[in-house]
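Would you mind keeping the following structure in view while I ask a few things?
The letters A, B, C, D and E name the chains in turn, as written, and every chain counts its residues from 1.
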Amino acid sequence: MARNVLRRGWRPALVLILLIIIWETASKLFEVPEWILPPPTSIGQETIIGWSDYNHHLWATIQLSVIGFVIGSSVGILVAICLHLVPVLREAIYPLLIISQNIPIIILAPLLVVWFGFGILPKLIVITLVCFFPITIATLDGFRQTSRELHHYMLMAGANKRQIFFKLEWPHALPSLFSGLKIAATYSVMGAVISEWLGASEGIGYYMTLASSSFRTDRVFVAILFIVTLSLLFFGLLSFVERKVVKASAQEDE
Amino acid sequence: NDSEQGKEEKSADKALKEVSVVLDWTPNTNHTGLYVAKEKGYFEEQGLDVDIKMPGEAGADQLVASGKADFGVSYQEGITEARVQDIPIVSIAAVIQHNTSGFASPKEKDITEPKDFEGKTYGGWGAPLEKAVISSLMKQDDANVEKVDIVNMGDTDFFTAVERDIDFAWIFYGWTGVEAELRNEEINMVYLTDYTEKLDYYTPVLATNETMIEEDPDTIKQFLAAVTKGYELAIENPDEAAEILIQAEPDLDADLVKASQKWLADKYQDDAARWGEQKLEVWKNYSTWMYDNDLLDKPLDSEKAFTNEFLPNN
Amino acid sequence: MGKLDVQNVSKSFGNHQVLQQLSFSVQDGEFVSILGPSGSGKSTLFNIIGGITAPDTGAIYLNGQDISGLCGNISYMPQAASLFPWRTVLQNVLLGEEIVHGKTDEEEAREMIAKAGLQGYEQAYPHELSGGMKQRVSFLRSMKSPQSMICLDEPFSALDEFTRAEMQKWLLSIWEKHRRSILFVTHNIEEALFLSDRILVLSNKPARIQRELVIPFERPREEELVLSKSFLDYKKQLYYELRE
Amino acid sequence: MARNVLRRGWRPALVLILLIIIWETASKLFEVPEWILPPPTSIGQETIIGWSDYNHHLWATIQLSVIGFVIGSSVGILVAICLHLVPVLREAIYPLLIISQNIPIIILAPLLVVWFGFGILPKLIVITLVCFFPITIATLDGFRQTSRELHHYMLMAGANKRQIFFKLEWPHALPSLFSGLKIAATYSVMGAVISEWLGASEGIGYYMTLASSSFRTDRVFVAILFIVTLSLLFFGLLSFVERKVVKASAQEDE
Amino acid sequence: MGKLDVQNVSKSFGNHQVLQQLSFSVQDGEFVSILGPSGSGKSTLFNIIGGITAPDTGAIYLNGQDISGLCGNISYMPQAASLFPWRTVLQNVLLGEEIVHGKTDEEEAREMIAKAGLQGYEQAYPHELSGGMKQRVSFLRSMKSPQSMICLDEPFSALDEFTRAEMQKWLLSIWEKHRRSILFVTHNIEEALFLSDRILVLSNKPARIQRELVIPFERPREEELVLSKSFLDYKKQLYYELRE
């Protein structure tokens, strides 16, 4: 496992390091003002110096995004399953899914706060809204594309809907499901940050807006650093789980 | 962890009344009085347990109006527009007596009076109000607003905007202007109040909703009593006040808070008899100006928009 | 109990008629083979019996009950192996039983896998198998399914003569023990003769029953039968029948 | 075609109408103040009355989102192809894709403005950033899941990379590609609206923020109405194109 | 020109050895069949010749050139039909030629389709075909590919005896005209005898060449050959050889 990560990880790491070096030299060379784009060294410095100030924000956001992602993906999978198993529902509700992705946070925020207060609930709703959609769409497509032959076999063998679902459609849709999960994981951290705009008193999003409003660009970038790191972590974790879970088809791939 | 324990103790020893305040956006020196009152225990003395919140995208006015928050930080133009739309919020104190906002530009652009706006590019957020304000100022100088190129710069901040394309923008001197001082960037200011009385409106103000006024006037009184003490401390002792704000919100930039606090200290009360007092004339002037400039659908009933009733009499 | 009646079944795809007024029946415990040219409609017929394709006219009865359009009444081995790529050989073999009963008899499945020459491959995935091995797994799956009526669509086409002969013998021994009814599609005349009680010869485009042949050889049948005179006579007869 | 739409469309239409009726009666029943949630009738009224005021905003946003979507999906497909064909690139750049989805607009906006000014370019960049990601991920997964057998055949037959790509991987990935395109189409209108925060003088986003800042909640909802309608339209259009393009596999599905 | 040399090829999957030191060659224009039990490694051998599986030891030469690991030198018909579901029959048939030449001869393809009994199905998609029809399309695809060496993996296993006989005759006529070299896997002893110049018998687990048999029947071969005494003798010989 560790060796594996090393073997696969060095290339992206190299690219990142290269980018950081270019960024650093560019900001030195063109004398980009720190408040527009601070050089990586300043960001690094602030990351270390400010740790004790912001680490509770970090935990808050991690918690929020993990819970949000778990709920969001459960909802996403559940919705996909329901829509798949009940075609009438699917036709009727599909447009609502799209609508749900097009309600701007600016209008949703006051409504959510007015209805649910400042607690964690409205925040979770926002993350869920962000996360569930790609999962639902991808999983639905996965369900739809099962092999015709295997489906025929299942029918002939007298499988009921539940059996067809669990023995054929679900395992077949797993790769698509993970495709959706990975997209959603990438969004979940930003979703959490956005949800913190719904009145929060801690979290990376909160930290970032404060930093931005007091013109501390370096801190804004520290915040971004963590958002990005978290997303990469989530993504990596999911890819790992994917490799474990979708073992059979992974073998088929090699 | 500490503050949590503190909270528990507080609610344990006496039943404090829970009250919430939403800020207009991120915490800044406009809000110092609130933080001082909270940290110094002034609210507690009045029997209140105050929770200060950032509204984020939710917007303070709607939250106050709907009763989700008891008090909020708002602006005169916001309350004016809101009341015209039948949103029941009322201003109960002016945080700063005079309008400290104005049009800022980097020194080298050489914009020192409204006349100089001609041929320049203004960066705003796209509200019709802006054009009306600029037009009003320029009329005083016999200049023509049509010669100003008005660009919507969205969320972009002043310093970024003037790096490119934009020549001048509308800022609060107490925050952005002070930041410019700290950065040693020389800027020219054209203050609204220097050119027309009508634009000397209150910004920001504290607000509550009509239900609160009807049903719980005592709480408003208690709240304002504590807040007044808070702002008075900020007036007398800006350094200590700044320290308190920084303690409460360590993610703010300390230098900026200190400098800004110093600059604002004598602007809170200024020439008024007491902190927070509002004049009918100011409300009338501004809403009339807005109505005349087609910024309101109907005239405002100014008397109902604000009240001095709950300010402590000193 | 498994008595199948196919009555007046017709089927067209577009304006291309595949089956025309097909009627026949399989008695309980009978072994019936179908011979017919490629593309004549044998797999289509199976799909109709299995309930996943609706006939244009006619109906299917199992033990007197109309099962047209109803699935799950027959154990079916499709022409293409149709194994589940994410299931091991053992899991694939158990699938049919799993669907009908919920529970499975793993011990028996292991024995059957060994008998089919696949010992050691219980935990292999389909992509690790050769073509003939896949076909045997698919065959085992259908034999392990508990329905009393079995439809096999060219079950041994990818096997060499010896493996084929062994599977045939084994099929017969299972069938003689449990007396399930079998409907068997093959292109191999000898195979049909060796195994069946009765052979149906389908004509091409549209498919009708061109000939029905009862095979009187007594059971159990020995391998030597294939070399007997009457076997060769039947073979010739079928050969010419098919040629027409 | 028209009949088809009618036949498939009545169910979602029914659900929508039902929802609208519930909304209307609820707002009458509970006396929800108009400025929190205006009833559909007010929104409808404003939609009709205000048409001449806002229709130019509508066109601006349609234009922006269509151009943005076209560019975004081209970029998305191109990136997917590059990453697929050059595995080294893929490993190295994949994390950057995730990073690109986690740079908050709040920090991107000033940078874009400083670099590109207030023109249409930074807006298109924002929409592209929003759109390309789901397309790239979905398409990549589609490329990866080609049938092992067909791939073997292509190799045996001596197909070069280009042929394998065009004759096997591309047609095989089409359904996944459309899955990504549909997700992206759903996001594109919101992307355009968000990009209008980067300084615009027309567009639905602009209209909405103005409405919101002057407490005209009914107008905010008119804006949302158009955002939603546009998204549904885009989605529908793509589903239609999908059905035409993925004809063979659609036939296989029926 | 197509002279194939397979030299000392071994292959294991895990610790299960499939091919052991296999060596043989196919002369230019020769027709060589491979007989062997199911799972013995015939398809694996084809994959190695085709260049998509690397042998553990040994090498493949075509006309003296080492082609181990190089693809595209042989025209290949896989055991499973492997048709492209989004291509019509005609497009599938043209695929092999398309890959090698870029341009295609549609007229000839149509003729071939007609000869294979698939007239009227040029524009059909694979899912509309029967199993045997798919196999024929796959066969046509490999015949239409221009390489001088053709590897066919059980090309007629899903066909009835008559269609099969026709395809055999047709294959021979094409082969006699163009004299491409053919390596042919089958489970049907008669088919191997009827078609081949030489037959290789593979042993099982691991596969070695157990026997090599030169078939001396003169060409062109007539159908009656199958009934001749010497044919039957050869058949018996092979039968016992395979049994071992």
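Of note:
Just so we're on the same page, contacts are C-beta pairs under 8 Å (C-beta built on N, C-alpha and C of every residue); 3 or more make two chains touch, one makes a residue touch a chain.
All figures in this text were calculated on a predicted structure; none of them were measured in a lab.
Common partners of subunit A and subunit B, by the touch rule above, are D. Between the two copies, subunit A and subunit D, the C-alpha superposition involves a rotation of 180 degrees in steps of 5. Of all chain pairs, the one linked by the most C-beta contacts is A-D.
Averaged Cα coordinates give subunit A a centre that lies 18 Å from the centre of subunit D.
One inter-chain figure worth recording: subunit C and subunit E are separated by 27 Å, centre to centre, where each centre is the mean of the chain's CA atoms. Distance from the subunit D centre to the subunit E centre is 50 Å, each centre being the mean of its Cα atoms. Counting partner chains per residue, subunit D has residues 36, 106, 110, 114, 148, 209, 212, 252 touching two or more of them. Residue numbers of subunit C whose C-beta contacts span two or more other chains: 80, 127.
Counting partner chains per residue, subunit B has residues 59, 62, 66, 157, 160, 163 touching two or more of them.
Contacting chain pairs (ordered by label): A-B, A-C, A-D, B-D, C-E, D-E.
Contacts from subunit D toward subunit B in the complex involve residues 33-36, 105-106, 109-110, 113-114, 117-118, 196-201, 206, 209-210, 212-216. Subunit A contributes residues 149-150, 152-159, 163, 167-168, 171, 248-249, 251-252 to its touches with subunit C in the complex.
Looking at the complex, you find that subunit B touches subunit D at residues 59, 61-62, 65-66, 78, 81-82, 85-87, 123, 125-128, 150-157, 160-161, 163-165. Listing the residues of subunit B that touch subunit A in their complex gives 22, 25-28, 53-59, 62-63, 66, 68, 157, 159-160, 163, 179, 183, 249-253, 256-257. Put simply, subunit D touches subunit A in their complex at residues 8, 11-12, 14-16, 19, 36-37, 88, 91-96, 98-99, 101-104, 106-107, 110-111, 114, 133-134, 137-138, 141, 144-145, 148, 175-176, 179, 182-183, 186-187, 189-190, 193, 208-209, 212, 220-221, 224, 227-228, 231-232, 235, 252-253.
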